[in-house]
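Presented sequentially are two complexes of chain A, the first with chain B as partner and the second with chain C.
Up next is the complex of A and B:
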């Protein structure tokens, strides 16, 4: 299944036969005090800098999230989206838990964006899916529902089925849905790694949809977070995740290696090119 | 399924519910000019040093291979095995393509060793399996047969079935067999990564045996080999490989991360302990 996104100048295809698509996560004030302060002051210069840095690091898509206490997302999200569109060429992922902010951002976006996100909760399905249909966008479906956040693989799979049904009932083609199986901090939820990998494999087999995965949460509270995130994303991609919401500069090298192992990098061109461009430690 | 190995002072268990067992690959003259020269001269001091360094790096088992042009393995392998037994406490993997050398090493080994290897070739099955039975050892079964080395998953699985049948017909319990799905250089064989992962998953599902994997070949001819090896071993472990023949110092950190994601490291104890002991880059 192929999911297509676009900006005025770039098309991006997410699919099993494609290299893993990397969505830059860094325009998001959660846990970033400086960015949160700047957003509250309406200062978008740091957003523009983060956009540029992530695309230079190899991001295929940028997530734009301005949600933090004291920010009017309905006003600020479209401004931030315009700022990022003016700075870089890649398609964007419009990210907010506020449907009004999503709609305001959809109005200014040029092309076919990703929208982050709808859940399996009734209020979310009812409010967000009509927007996706109206604006012809692609939506991330988070596998949580009115009963809460699932711990096991089984409930994740069931919620994914529900979201697919509701998406199709709303007249949105299945390829315009990307399921997120929800990863948790492994230090706090030791079984969640296995549950997520099993859910990815089953959803891929049963529904065929594209899947995304955030990586940075899984290592929360543990040392050497980059190492743990790397192991996690490699497994997620091997299990069937076709795009990742990540810190691209940190994750891209090992994902290029994973794509090469999985036969998604003909003649190792992307792998070798990235190696050539990467700064090397001094070798004496 | 649990595979048990032992030395006089240590037991090692390989199994799905266990942390991944790491077999140190560095006592092997292939591609190591200095070690090859020393072995030809009958000098085993470097073997002793490599043994100690690998155990300090976290090796659970050490592979001992002295096969190189100009060496009489039947005479030297038992000597090297004795030297390693005198130096470290971990169980050993007796590694030779020469059955006489394997037998000579089995005679001096104390405990239950791993023997590397038998293949699906008739001459190998007939010569090696009686030794495994007689000495009560565990054997690595390489998935190649008289028709050669397999390129696809299907032939790997078929040869694994054949080896299991022959092992059991020889009176050896299935848990005393560890299948090696044979990884090739991905630069030369771009489809081999996918074939190996599929073979591991299918052999695990159909036969339930423990599986090992060498990692260092896969990156042959490509840059940043450690990165590619790391991505490969993480996928192999997630697919079902329960032990790895690797350069332990390089691979152990990400395998501890993989074990943690897979729920094989209660309270992240091994992961955190290894992090604490690891030398850190200066943080300014």
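Up next is the complex of A and C:
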């Protein structure tokens, strides 16, 4: 299954015969004091800098999230989206838990964006899916529902089925849905890694949809975070995740290696090119 | 001997801890002394966690070890010496938010540290907190939330507690990944704990435990 996104100048295709698509996560104030302060002051300069840096690091798509305490997302998200569109040409992922902010951002976006996110919760399905249909966007579906956040693979799979049904019932084609199996801090929730991998495999087999994964959170509360993140993303890709929401500069090298192993990098073009671009002392 | 238990627990040597506790019980030692040592061991764990020497899994493991100590000691406690709970705590993830991982760790750590915890689960409406506080008479309330929209629910919950005439009877702590001093002021909570160790410390302070 192929999921297509676009900006005025670039198209990006997500699919399992494609290299893994990397969505830059860094425009998000959660856990970033400086960015949070800047956003509260309405200062978007740092947003533009982060956008440029991530695209230079190889991001295929950029996530834009301005949600933090003291920020009016409905007003600020479209401004931030405009700012990023003016700075780089990759497609964007409009990210907010507030549907009104998503709608405001959809109004100003040019092209076919990713929208992060809808969940299996009734209020979310009812409010967000009509927006996706109206603006012809692609939506990320988080596998949580009114009963809460799933602990095991079974519930993740069940909620994914529910979201697919509701998406199609709303007149949105299945390829315009990307499921997120929800990764949690493994240090706090020891069984979640196994549950996520099993859920990805089953959802791929049963529903065939593209899948994404926010992957930096898994190492929260643990040392050597990059090591754990790297192990996690490689396994997620091997299980069937086709795009990842990550710190691109840190994760891209290992994903290029994984893509090569999985036959998604013909003649190792991407892998070798990245090697050549690295300054000599950083080569292994 | 006493020192051994403190050290074994703070170094997370589960089998050693169990062995020491069993030996000390066999030697007819006062079970309360054993629990006191265990408490000292947990204090060291808390310090190591605060200084980033220990991590979340270490913390949870220490709680599990403490739990097995309590279970070993329990049958030896007489009615009078039976471990008095430090106090009651009503805790839950506020309305509109369903994140539970952090909350569950706090519940667990409060429980193993001797509090009677009433966990209301996730997406808990303000009125349910009020009812539980009335029912239990708990002097400590914990509001958890990860989403920014949870901050409004926290504020409304504190307001509901106030409207029920209970505000001066309870201390309210909030917690969650994005909580700051500013959020604490916004919600009119009494304090926030940045992690489970801080939450337990607040509860102990408010319960008058040193």
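Going forward, the second predicted complex is superposed on the first by the 280 of 284 C-alpha atoms of A that agree within 3 Å, B and C clash if a C-alpha of one lies under 4 Å from a C-alpha of the other, contacts with A are read in each partner's own complex, and residues count from 1 in each chain.
To be clear about the criterion, a residue touches a chain if its C-beta (ideal position, glycine included) is under 8 Å from a C-beta of that chain, and two chains touch if they have at least 3 such contacts.
Owing to the predicted nature of the structure, the values given are computational and were not obtained by experimental measurement.
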item: Which superposed partner A:138 touches (first chain B, second chain C, both, neither); value: neither
item: First, second, both or neither for A:262, with chain B first and chain C second; value: first
item: First, second, both or neither for A:222, with chain B first and chain C second; value: both
item: Chain B versus chain C as contact partner of A:187, first or second or both or neither; value: both
item: Touched partner set for A:59, first chain B, second chain C, both or neither; value: neither
item: Superposed model, chain A: greater residue contact from chain B or chain C; value: B
item: Touching both chain C and chain B, counted on chain A across the two superposed complexes; value: 187, 190, 222-223
item: Touching residues (chain side chain C, partner chain A) in the complex; value: 52, 55-57, 60, 98-102, 105, 122-123, 147-149, 151, 177-178, 180, 182-183, 186
item: Contact footprint of chain A on chain B as seen in their complex; value: 186-187, 190-191, 193-194, 197, 218, 222-224, 227-228, 230-232, 234-235, 238-239, 253-254, 257-258, 260-263, 266-268, 271-272, 275-276
item: List of chain A residues in touch with chain C within their complex; value: 30-31, 67-70, 97-98, 144, 148-149, 184-185, 187-190, 220-223
